[in-house]
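Labels A, B, C and D are assigned to the chains in the order they are written; within every chain, residues are numbered from 1.
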Amino acid sequence: MKKYWKDIESKKSKEQERRMEKTPEENPLLELFKSNTIDLPASRRDFLKLCGFGLAATAFSSCQSKISKAVPYVIAPPEITPGEAVFYASSYINGNDYCSIIVKTRDGRPIKIEGNPDSGITQGRTSARVQASVLDLYDGGRFHGPMKTGISAGWESIDTEIISKLQKIVEDKGTIVLLTPTVFSPSTKSVIAGFLQKFKGSEWIQYDAISYSAMLEANKTSFGRQVIPDYRFDKADLIVSIGADFLGTWLSPVEYTKQFSSGRDPEHNMNRLIQIESNLSLTGSNADNRIQIKPSQEPAILLNIYKEILKSVENRHIDVPASPVDITEITKKLLSMPGKSIVISGSNVKQVQLIVNDINRLLENIGKTIQFDSYLRTHAALDSNMDMLIGKMKKGAVNALLVYNVNPAYTWYNRNAFTEGLKKVGLTVSLSGTPDETNSLVQYICPDHHYLESWNDAEAKKEHFSLMQPVINQIFDTRQMADTMLKWSGSTMSYYDFIKDYWGGNMMKRQSEYTDPVTFFDRTLQKGIFEPAVAPKVSVEKPGKSASLPFDSILKKTGNNSGKNIIEIVFYETVALGEGRQANNPWLQELPDPVTKICWDNYASVSPAFAKDYNLNDGDFLKLGEVEAPVHIQPGQAYGTIGIALGYGRLKCGKVGDKVGTDVWTMLSSESGNIVYTTKLDQIVKTGRTYIFAQTQTHHSMEGRAFVREAGLTEFRNNPAAGNELHAYNLEHNKSLYKERKYPHHHWGMAIDLSKCTGCANCVIACQAENNVPVVGRVEVQRVHEMHWLRIDRYYTGEEDNPEVVFQPVLCQHCQNAPCENVCPVAATSHSSEGLNQMIYNRCFGTRYCNNNCPYKVRRFNWFNFSGAGTLAGNLRDKEGMTGNLRRMVLNPDVTIRAQGVIEKCSFCVQRIQAAKLKAKYENRALHENEIQTACSQSCPANAIVFGDMNDLKSELSRLINSGRRYNLLEELFTMPSVNYLTKIKNKIL
Amino acid sequence: MRSSSYISIYFDDEVPMLQAVKKLLDSKEKITDVLSPFPVHGLDEALSIKRSRIPIGGFIFGALGAILAFGFQAWVFTVSYPLIIGGKPFFSIPTFIPITFEMTVLFAGLSMVAAFLIKSRLKPDISFKPVDERITDDRFVILVDTADKESTLNRVKSLLSGIHTLEIR
Amino acid sequence: MLQSPLRTPLIEGKKTYRSITSDILNPMMNKAGKFWYLGMTIAGFAMLFGVFMIFWTVWQGIGTWGENRTVGWAFEITTFVWWIGIGHAGTFISAILLLFRQKWRNSINRSAEAMTIFAVICAALFPLIHLGRPLLTFFIFPYPNTRGLWVNFNSPLVWDVFAISTYFTISLVFWYVGLIPDIGTLRDKISKGLKKNIYNFLSFGWKGSARDWHRHKITSIMLAAIATPLVLSVHSIVSMDFASSIVPGWHTTIFPPYFVAGAIFSGFAMVQTLLIITRKAMGLEAYITESHVENMNKILIATGSIVALAYMTEMFMAWYSGVEYEHYAFMNRATGPYWWAYMIMIGCNVVSSQLLWIKKLRKSLVFTFFLSIVINIGMWFERFVIIVTSLHRDYLTSSWTMYKPTIVEFGLLIGTLGIFFTAFLLFIRIFPVISIFEVKSIMKTGDQH
Amino acid sequence: MRKYFPVVKIKYLLSLIFFSLLMATVLSDSLQATNTNKIQPKDTTRIQVKDTTKVHGKDSLNLPVKDSISHVSSDSTIYKRTIFSSEDLRRGERLFFGLVYLGDKSVNCADCHNTRVSDTLNWNPDALEISRKYLEKSSLDLRKVLLKPAGPKMKQVHKGFQLGAEDIVLIKAYMNKFAGIGLKQNKPVITNLLLLIVASILFLLSSIDVVIRKIYKDQRINWAILTVTGIFITWILAINAIAFGRAKGYAPAQPIKFSHAVHAGQNKTDCNYCHYTARTSKTAGIPAGSICLNCHFLVRNGTRSGATEIAKVLKALDDKKPVKWVRIYKLPDFVFFSHEQHVSAGKITCDACHGNVKEMNRLYQVPDLSMGWCIDCHKTRKVNLSNEYYKTYYSDLYDSLKAGKIDSVRVTGIGGRDCGKCHY
């Protein structure tokens, strides 16, 4: 079906190098690309425009069209057909994030990331960060080449200098330290091992900014294995999560979302999620029951659950303080389904994780919902190692520090200690590809490739291998970190050969299909993944008796925190930015947080009641210890707690991300070797400054209107149309004077299952990447000028201080009786014979009437010249540099770039529909099932969005449309949308 | 239109002028024209001017405008470029009404004004010379057609002796 | 000439035909006073400010305005409808009052018609510059083209284009047909020079012949006959911009009559504002008498009451329809974040116009002047309330937002006021403000001849 | 009113100028929209050495001519001369243009090597090309190619030249100069703009005259002028408006004198051989240099252009620098057009849009590529519904077509008029 790239050698061919030279201006590819603006200097319409300006006379005869050149290849590369997309399987690795992907390239440049459906981990789905990563490739702020003390230098001279210095250190019996994030590439590990061997006395320390070291330690204690297990949410009927945002940021959210949503099928199997947390996280928003607690209450709650379970299972009794919340129902449910539940905690305190482990053991979950056969390898760093390293550095015991892809000068809680220590290190080298706070302090910069330019392999989970391959020749004078390490280790081998050798040596034996290592490697490369069928069993040691648990220390922590004046701060990662690696990515910065709907900022979330008591208003600046942050009143935030996101306030990441938000890493602390993501404050002070958030949704209640229709599981089982009674009523009462128009050939439609949608915002970025949606910047979002074609509406229901949350992705509904079409004076929007609501940008002259008349408000107006496609000069508004030559490479050539002053909107990815239809015609066949996928439906990790032909009665879409849960948004207006929603079914306790 | 020779009778009020008109017509004098600074009530009847056919022209052109406008819209939506808009049928009469009405009014209005200007031979003309510059202020003038100026002048003078005239020449 | 003995004289003082001519032509024959120059300076600066803001808008984009994702129309369409409304009084006075043989209209119709034309020009500016790509305005015209594509005749905006351009054309023609005899007078009063030539050119060779007068009368009456449904249709069609949409608060069948009444209401208010100054400044007290002002005040009460009734009907229907969106939209108008705009609207339009029931106030020029300005403000806010408060909270609560105008939008309003007053000030110096021949024809009604 | 319009005579003058210009342009057939007047697909291969009838010893300027043959010198120092007076350069120029009689005939280089921009295809390299080429080379090289040409073509063309060393040096000197000047543009003497301005002024004057009525006693002259100029102005405005930015008939000079008539016509190369992506991709593709090499690896000499043009392809491949062709068919970026759709799915032949390319030496744009042109074809073109895809999804149409209920299905019948099929 898809063409995966397979001819390896031609990858390195000279033509390709030529095509992608360092200076993009000289690139014929770019030249073709540059013409992709809407209006050339003299287009036909300009004539009348000029007439409008009274310049008609001068326009004659002097006006000739600009001569455009057509530049062909010198030698046509066999794998590229101009104008056709080529897909390559690869892997996304960024710090601890992993995703198996397929990269769509057009004319030699990657433009879109899709999930690799063959992957057993991410199963063809992606996250917003993965979708946005393609834009990082075209970040002009990346290092353009190696540097020595801030000055560009050649690779050769730098190599020589560093190698000699390293050798000197080895001779002097000094210490060389390599600092990386968790490395889960087997080949890279092998390269590092070679390096360590070559330079005796060197150490390799892994450091993860968001630490799971307490879990690792606890698992070591409980199960004898210092690993993160393989959580199987798809096998769990009851999930109790205490502060773990596993749908948003915790460990492997894409995988977990896919698993979780497979259990949100009310017709068949329906799991239950209970979230106990302080911040309203994405997971909490999707929970069936959510309990608000202060972080300090976490141990007490867990202990109480533990106590009850212990009593019931092992009939033992322990003394614990009373639980601040009622946990009897939870415990009862947990006990009622042994081996079918998961209890997880987001805490980075070892004792807490020990209790969690023991609870899971008692509930017989180990080996069933929590497996160790293919444990997660993306998180393996211990905080204590980093503590040790800094101690050594301060003592001057480290002679050389090689930093790769970690940024302790920003993410380490005690960054001053690190920077001071760094000054005492003789040789400091950074191997990261992008500027950050740490490598602004080092002597040598040996920049790494972007992952789309790199060769690599990965083992994100045990026995789940995948390969990464370059889909574009390097844009800048960079070199892959592993290549650098190989070079320094004295090897003449390229990393690509190294990987091939490694795979020939280590992977070949795990399979029997191919006998020839080259074929094996090529086939794997084509497929992107290698998951040997039989995974070796890993036995888990049974944990010891629970009496060994050190309750005392936990209880000490529990203490008496009910005092009103103690304010607890909870630090978390946002879905978009995480620890802040991709802070220089405008797409991610502009992605509204799924819950708060704020972008371009972090903020101190407080509960409404708390805000009232402390007389806080939305946007008031607060002084929290050393830092200042604006207040955001967040329903669902536990009283007395403040939630604030890490990963903001960067200073050295680039033009886009610098000075966005507040840096709060320094407020973290370390306790018994693990970083604690909470802290306490005695008081908060208003500074008097106020601020207006760039928030895309400011009204949070549905005002009793039936946008999102909900029902409980029991009601649903009794009546499939439960909560959706209005649908039948509307069907009966909607009448038109005109005969209904039929679309007999194709009738494209969509179904969005609100029970499955977690609101993770992956679709928003997928849509942005596919459809060239412009970035407008913070100020314009504040002025309600955001451009996303697909937005996710988030509503709160229930009480203000403990709301339930519903998500509803809203895109153009492609109404059959479209209100927008009637009012456009120039017929720039009309209906196609296939039921699509078409928007013709070049016809639009921007009355905005259609947008006024759109009840869904899904039409977006180009308020300014955001894209550089306008006709008038000197009015570009592109603060984030999205129209620069390099950044523009990410644009999809199949989608018109919209000019200033036109309306745009979701097209149901009509370019994909057209391409797939054409392919079918070319191959003389009917369309395959699910052959046409929109960008949003293809990458949705929850499988919540289904696209298809409503005339195809056998399709998945038709099944969903005929379900009792189906309704249309604002169906009482009789707009007859082609987008259908399915009611949200909740599985609450009680 | 103006005969080569005529006499002008000047008044400073419309009442004596009307009387004079009646008298002149009664005595079979040929009145070429009556010039006045404003439309004098009763003069039309006195001169037995036939009701203008301008409104008929207006009606015809209005009807033409209506037919053109409706026909054009219908042609555009059904033949030239049928587009599916808002789920409506291609030939949906209600949407054609407003423009049909407006074009009716425009055609009718402009045609009537054009007819008025043409019939009255009014056009921008920088070299125009009025009969008397006071007519547009406060003079009322009866122009009597004559072949023999001298005799007509005397005849008219005697005829209008009882009426307050300013000047007869 | 038939006259009612009960009727008060339409023209005061002992006037002759000649004195009427010289009174009315006075400004054209003499140099302007310093107040005129002052007025021109202020209006000119306002116009320049507006022109700059237009330039800025066209160059930088609509983003320079406060409009946003949810509120796609605000200040500019408010001002557009306001100007169109003001433009209704002229044709109402000249057409409808002509058909009803209201002789008192003769003193005020000329200036009211001129006002109509200037107001329509100001109004027509807004649909133009509110476009995202104003340079492509020609797309709206169904001209033959190589695309084979026409316009969407379903769209009220296309209706608008036809309605407003027809209205403008017919008003202009109507006004000019009425002007021709008076330009003739002017021509004959000026002895020589460029001015004479220009007026001669413009007078179309008017002689004052009885047949011409006859055709002139017939044409005027027939134009009035077709302008009457036209003037009603124009604001009806403008109201359909809103009424034919599905936005709660817009989608109401009452809009056409309600808008027409509102338009005449605001139009007369503007006529009052202008004429009370003009009669004083130009010494035309004898022609534009207190009874004119009172008559117009009576129309203000009538239309003001219709408008008030419309407000109530809207509210009632919103409640009676049982549609939650409608219900909310109207509750939101009165009690939502823009309650102050609603209160200004009610206060200025409903409460203040009802004060005119008091005869003393009705006859007071100072009060009328003050009131007319209040009504103008009120009617602007009426459109603001209809447009902005309906849009800012429509169906999906997720899209609800607030609208805040920027200096650019204020600049455009000020700019159009500048254009309007510049044009009006020029008009009173170039053409007779009062229809000379019509006043002469009714002179005897007041002169007790 | 004479004082408002004092220069009466100008009117007659202008009328005269206008009408004569109008006649001139109508006769010269150049009164068309800017880009529509360049279709002259004539083959103007000119291989001739002209005999002149000039009097011996005099050139056309009646200047005495030195007998070059007598000055033949083998002295290589002549060829190394670098300093030339303006007199020398003038003589070089005259030599180049064949204005100097040499021996029994004159050699006119400019006759084959264009010094002006040409609308038609001249197989021979133009003067600028050869000048640039020889900028780096010495006069001796030039001598070699003039007097002892190597290629078969050159042997034929440069046969029997009798040029002295000094002549060659001077020609070379002129060529060096020419390389800096470049080709002359053929500027139309009468531009539409000029005509429009004149017509507009006339129109204005006549309008004023109609109103003021002073100059012409007979107003019919004014009305005649108004009518003619009015029609002219409207016509030229309309034609330019329609053609603006359109390139119907656009036939630019290409960097290589590639003739479709030779390749597709005479040699009967299938269009899809070079434009191989037309069947599978949205673009038909400009063939890569490597594709040219498939044939030109062996074929190094053209029958008409000799080795020069083919050498350019080979050089481009050697230098790894792509040939920068001038793009002719170009749709605006907001139009999505797929060759695959039309060629593979729709089975439209190439000439339906591109015209009879087989007869074009210099390729030119046949349609105007307006939307109306697309739609007109979609309205009339019948669809072959036998594709499985259509059978599945357009079964109703397919069945009624088979049953004879309808006689044909046009492209518009399957959504060929939907805006969103091309614009997204």
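Everything below uses one rule, namely that a contact is a pair of C-beta atoms (placed from the backbone, for glycine too) under 8 Å apart; a residue touches a chain by one contact, two chains touch by 3 or more.
Quick caveat: nothing in here was measured; it's all calculated off a predicted structure.
By mean C-alpha coordinates, which chain is most distant from subunit D?
Most distant chain from subunit D: B.
Considering B-C alongside B-D, which chain pair is linked by more C-beta pairs in contact?
Counting C-beta pairs in contact for B-D and B-C gives the edge to B-C.
What's the distance between the Cα centroids of subunit B and subunit D, rounded to whole Å?
Using C-alpha averages as centres, the distance is 62 Å.
Can you compute the centre-to-centre distance for subunit B and subunit C, using the mean CA position of each chain? Integer Å is fine.
29
What is the distance, in whole Å, between the centres of subunit A and subunit D, each centre taken as the mean of its C-alpha atoms?
54
Give me the residue numbers in subunit C that touch at least two other chains, ranges are fine.
Expected reply: 148-150, 152, 154, 156, 158, 197, 201.
For subunit D, write out the residues touching at least two other chains, lowest number first.
1, 211, 375, 419
Where in subunit A do residues touch two or more other chains at once?
Counting only residues that touch two or more other chains, subunit A contributes 45, 48, 819, 821-822, 827, 830, 832-833, 843.
Assign the assembly's chain-to-chain touch graph to one of these shapes: line, ring, star, complete, other.
Graph shape, chains as nodes and touching pairs as edges: complete.
Given the complex with subunit C, which residues does subunit B contribute to the contact?
For subunit B paired with subunit C, touching residues are 12, 33-41, 43-44, 47, 49, 51-52, 54-55, 58, 62, 72-73, 76-77, 80-81, 83, 85-86, 88, 92, 95-96, 98-99, 101-103, 105-106, 108-110, 112-113, 115-117, 119-128, 130-131, 133-138.
In the complex of these two chains, what residues of subunit C are touching subunit A?
Residues of subunit C touching subunit A: 58-63, 66-70, 72-73, 127, 130-140, 149-152, 154-158, 161, 241, 244-247, 324-325, 328, 391, 393-401.
Write out the stretch or stretches of subunit D touching subunit C in their complex.
Against subunit C, subunit D makes touches at 1, 211, 242, 368, 370-373, 375-376.
Give the list of subunit B residues in touch with subunit A in this complex.
83-89, 92
Could you pull out which subunit A residues touch subunit C in their complex?
Touching subunit C from subunit A are residues 45, 48-49, 52-53, 697-705, 707, 780, 783-786, 791, 793-795, 808, 810, 819, 821-827, 830, 843-849, 851-853, 855-857, 860-865, 870-872, 874-875, 877, 899-903, 969-970, 973.
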